[in-house]
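Please go over the structures that come below.
Two complexes are shown next, each including subunit A; its partner changes from subunit B in the first to subunit C in the second.
Our next item is the complex of A and B:
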C-alpha cells in the first residue's frame, strides 16, 4: 500500500513549482510580506493538520468525505490547468514553441497510467537540478543585490486584499503520502511561503520593486556569461511537466476513491 | 493490437504536428544606440550576423551597425531591424548607449519597450556618448573594425556602467568618445541624481563616488605626491544622532607600496568633502537615509532635501 503513494519530496517539488511561478503582490513592503506570509503559512499548516485528522477519522464513503474529495478534485483540475497555462506561456514567449501542446497527450498518459511511486525517483533527481539552479541563480545575482533597496520611503501598504495560494496538496496529504511522512508533510505551506519570500526578497534587493518576476532571470550575469535564463527556465519547465503528471496521478487517486474504477484499470503498485 | 498501433500513430502524429524547424541564424544585437531628436527617434543596432547558426563554429564575429529613424522609439527600432540581414534577436543585447544630452524619459521609454516587446533587458548596462549617430556611422565607414572596437571597449568598461533598472537611482555614467585608435572614456563623467538633475564630476570625486558606492574594479587615484591603486574597498558606516563615522578598508594593488599616513589623511579629507558636496546636491551616496530609518525609525529619518549633512568623520586603512 505504501508503494502506491507519493513521497513528501514529490509533493514538495509540486508545491515549489507552483509557488515559484505564482505572482507576487504588487508594491508590498518586504517586512509586511514576511509578517502576512508567516501568519498565512501557520494558518495553512493548521488547516493541513486538520485535513490529516479529517481523512484519518472519517469513513471514506461518508457523505462529507465524498463531498470534500469532489471539491478537491475540482481544485486539482484547476491547478492542472493553471500549471499548463503558465508552462505554455513560458514555452511560447521565451522559446517561441508550441512543443508543450505536442507533449500534452504523453504527459496525460504518463500521469494517468504510471503508479504514483514511479514519480518519486524523478522528483529526487529534479530536486538536485532545482538546488543547482538556485545556486547558479544566486551566484549570478548576488553582485547586483543592494540592501538599501529593501527600504523605500514611498512604499505604502497595498489596499488590495491579501491573497494566499491554496494548493490541493496541502489538504490531500493522507491520500497522497504514506502515514509515516505526514508529520513532515503538514509543514509544506512553509515551503510555499519560503519560495515566495525568497523571490520577493531577491526582487526587492535587485530591483527595489516595480518589475515583473521574469526580469530577475534576465538580470542574471556572471563573467563572460551574460544570460542563463533559458537554462533556469528549462529547469522550471521540467518541474512544471513533473507537476502536471503529479497532479494527473493525484486526480486519478482521488477519482478512484470517489468512483469505483473499472476492473483492470487499478493503479498497479 | 491494431487499435494500439493506431493510437500510437495518432499520438506520434499529434506530437509531430507541433514540431517546428526554425533556423537559428539570427542577427544578434549586442548593443543599442538611442537618440531622441525633437519629435523623432534615431536608433542604431550593433549586431553580429553570422553566416552560420549563432552557436556554430562557423559563425563569424564581425560586427556591423544598422540604423533607423521613426516617429517613436518602436518605429525607429523596427526601421533599424529592417536593415539587418536576418531577424533581430535581442537576447545578447547587453549595452545601451545614448548621447550625453539625453534625459531620463529616453530611458523610461526604452524600458517600457523592453517590458512590452522584450527588445533588450532591464539589466542592460548604460553609457553616455559624446558623439551622435551620424558621427558613429561615418567613423564606422572609415574604419571597418570600429564596431568590434566599440563592443570591446564596452565589455572592458562593463564594471563601471550602471544598469537600466537603476535609472531612478543616482547613477554615475561614463562618457564614451571616438578617438583615432577606437574608443575611450572621457575624464569627466555625468552623475544623474535621483532628484533628476545632472552633475559633472571631476576625476578624484568620481573615483571616491565609486569607492563609496561599492563599484568593482581597480580604482586609480592621484593624490598629492602619490598614485593610489585600490583593488577593493569596504565601507563601514557607524551612525549616531549627531555624527556619522566612516571606515574605509582599502586593499592595495598587489606589488605596490602601502600608502603613507599623509595619503590616508588626504583620502579621508576627499571622502568627507565628496559626501558633503553630494549631500548638498541632494545625493545620499552612503544611503544614510536608509541607515537612519533602520536605526531610529521614521522619527529619526534623514533626507538630503530636508536635513543638513550630518557631521562626518572618515577613517581610511590600507592593507
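Our next item is the complex of A and C:
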C-alpha cells in the first residue's frame, strides 16, 4: 500500500514549484498582499481539511465522489499543461533550448509508469537543492535589500480581482498521501502562501515593486560570480520536471480510482 | 544415478571409460586384509605420500582370517572398527565417487562391496592466503580469500568462532559441477531470505560458474539497472563483519571474490579503515568520497553545459581561458569531451589487461606523451583534458561504483551536450530514480532519508565514535511496523 502513495514532502515540493512560478499581482502593497494571502491560505486550509473529511467519509463509488474525482482530474491536467508551458518558456527564453519537448515523452513515461513511492526520494533530494538555491539567492541579494522599500506608502491597491491559487494537491491529499501524514498535509496552502510572500517581500526589498519576478534572479551578484540566475532557474526547472512527473502519477492514481485498472497493469516496484 | 557394482572390475571399467584417457587419473590395485581392492585418485589433487601413510601401510597387515575377508566385512572393518581416518560417509554411487575424486580425495573400492571408502588426502596446489590487491587498507587484517572454497570457509570460521555461523556447501547445476558456499549467521540472518537465496541458487543453471558474480542474473533477474544492490569483497574480515550484520555471503570454488547481499549504496563510501581511525577523520574521508563520486559523474556534463549553454555562470577570467583554448581546437567542446573520456577508458582498459610490467608503461605513455601531444598539436584543449583527468582519478575513490559511474558520466555528458540544462536536469533525475528504485529482497539500496537529509545518523555520511556505535547492534533485516522488511534503523551501526 505504501508503494502507491506520495509523501507530503513530494506534494509540498510540487506546490512550491507551482507557487514559485505563480506571478505576483502587479504593484500590490505588501501589507495588502499579506492580509489577502493569509485569508486565502486559511480558506484553502479549511477547504483541504474539508476534502480530507469528504474523501474519508464518502462511499468512493458514489456519484458525488466520482464526479469530484473527474473534476479534479481535469484540474490536474490543466495544472500539468500550465507547468509544462512555464518550464518550456524558461527553457526557450533563458537557455535557448527546445529540448524539453524532446524530453516530454520520457517524463510522461516515467510519471505514468513508476510507482508514486519512487518519487519520494528524489523529492527529498530536490528539497535540499531548493534550500541551497534559496540560500545562494539570499546571499547574493542581501546587500541590495533596503528595508524602507518594504512598506512603500505610494503603492495603491490594484483594481484587478484577487486570485486565490488553488492547486489540485490541496484537494487530493487523502488519495495521494498516507493517512498518518494528513494532519500536516492540510497546512500545505500555507507553504504556497509562504513562497509567494517571500517572493513579494524580496521583490519589495530589492526593487520596491514594478519589476517582473525574474529580475530578482538577475539582480544577484557575489564577488567574481556576477550571474547565478541560470543556476537558480535550473533548480526550478528540475523541480518543474519533478512536478510534471508527480502530476502524471497523480492523474494515474486518480484515473485508477475512477476506472479501476486490471491488477496486471500495476507496476512492480 | 549409476550405483556402484559389487564387482570391482565392473566399477573400474566404468571409471576407465570416463577417465582412462586422462593423464591425471591414477588407479592402483591393492590387497587389503586379504581382499582385493583398488585405490583411485587424481594425481596432483590427492597426495600419494599421505595416502601411503594412511592406507598402504595398513594394507600389508593381514589381521583377519582369510575366510572373513569378504568385501563387505573389510569395508565395515575399515570404516567402523579401525583407526583409518576414512570419511564417515561411504561412497554410494558413481556420481558421488566422481564428486569425491574431483574434490581431491582418494577412494578405495573393494571387490564384492557396492560401496567405496573415501580418504581425505587432498594435496591440492593452491594460491596462498595473500593480501587482496583490489581492497587496500592501512589497518586491520591483511588476509584475503584464496581460490579454494574450503580454505575460504576456514578463514571465515576462524574469525567467527561461534556456532552461529552456518556454512552450507552445494554443487551448482552446471556441467562442471562447481561447488559454492552459502554462509550466514543463524541468529541474525532472516531465515526466509536465506531459504529464498538457497532456492534461487539451486535453481540457477549457469553455463559456467567461475565467480560468485555469475549468480547475479538469477538473484536479480530480468531488469536493466545502473546500480547493483550487492557488494563484493576479497577480505575475510569484511565478510565476517557483514555476516554479523545478518547478510548472506556466497562463495564459489575457484574465486576469491565473495558476493554479499543485500548491500547499501552508502557502503560504497566506507572501508575497514573508517573504524580504525578517529570519527572526525573518517567522517571527513567519507564526505570526500561522496564529493568525488558526484564529481566524477557530473563534472564533465556540468562543464559542457556551462561552457556551451550557460557561459554567463562562469567567472570571466576562467571563461576567457576556456574560450581561448577552445578556439585552437577543431572539434566542438562536447565532442572533444566525449572523445577524451572514451580515450581515457581505452587507456585504462589497456593498462588493466596488459602484463603488469607493460601496463605502467602504457599508462605513462598515454597520460604524458599522448596528452601533451594532443594539446601541442591543437587537437584537444587543456581545460577538457584537465576536467576529464580529474573525473578519471575521482572514480577510483569508490572503485565499487566504477561501472555505474562510468556509464552515468557518459550519459550525463550526452544529455548535457545534446539537450543543455534540461538534459542535465533529466540526467540528474535518472540518477535519483535509478538509485531509489534499486533494491534486493525488500531491502532498498538507498536509505529512505538520502544525503544530505540523514548525514548526522550514527553511521551514515559521517559517523560517531566507535564506542557509541557499539552500543547498538545493526542488523540489516529490520522490520518496520511488523509488516515490511526495512533495513533502516537510526541510530544504527555498520561494520566493514
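What we mean here is this: the second predicted complex is superposed on the first by the 264 of 269 C-alpha atoms of A that agree within 3 Å, B and C clash if a C-alpha of one lies under 4 Å from a C-alpha of the other, contacts with A are read in each partner's own complex, and residues count from 1 in each chain.
Here is the rule we use: a contact is a pair of C-beta atoms (placed from the backbone, for glycine too) under 8 Å apart; a residue touches a chain by one contact, two chains touch by 3 or more.
Note that the coordinates shown come from a computational prediction; the quantities given were computed from them, not determined experimentally.
Using the contact criterion defined above for the overlaid structures, shared-chain residue A:54 touches neither subunit B nor subunit C, since it reaches no partner. By the touch criterion defined above, A:207 reaches subunit B but does not reach subunit C. Of the two partner chains, subunit B is the only one that A:148 touches; subunit C does not reach it. Of the two partner chains, subunit B is the only one touched by A:215; subunit C is not.
Residue contacts after overlaying the shared chain place A:103 against subunit B and subunit C alike. In the superposed model, A:227 lies in contact with both subunit B and subunit C.
Of the two partner chains placed around the shared chain by superposition, subunit C is the only one that A:128 touches, whereas subunit B remains out of contact.
Of the two partner chains placed by the overlay, only subunit C lies in contact with A:91; subunit B stays clear of it.
Counting contacts by the rule stated earlier, residues 96-97, 99, 102-103, 106, 226-227 of subunit A appear in both its interface with subunit B and its interface with subunit C. Considering their complex, residues 2, 91, 95-97, 99-100, 102-103, 106-107, 110, 114, 118, 120-122, 124-125, 128, 224-228, 230-231, 233-234, 237-238, 241-242, 245, 269 of subunit A touch subunit C. Contact residues on subunit B toward subunit A in their complex (touch as defined above): 11, 14-20, 22, 91-92, 94, 115, 118, 121-123, 163, 165, 216, 287, 289-290, 293-294, 301.
Those residues of subunit A that touch subunit B in the shared complex are 93, 96-99, 101-103, 105-106, 109, 143-144, 147-148, 150-151, 153, 206-207, 211-212, 215, 218-221, 226-227. Partner subunit A is touched in their complex by these residues of subunit C: 309-310, 312-313, 315-317, 418-426, 428-429, 432-433, 435-437, 446, 448-453, 484.
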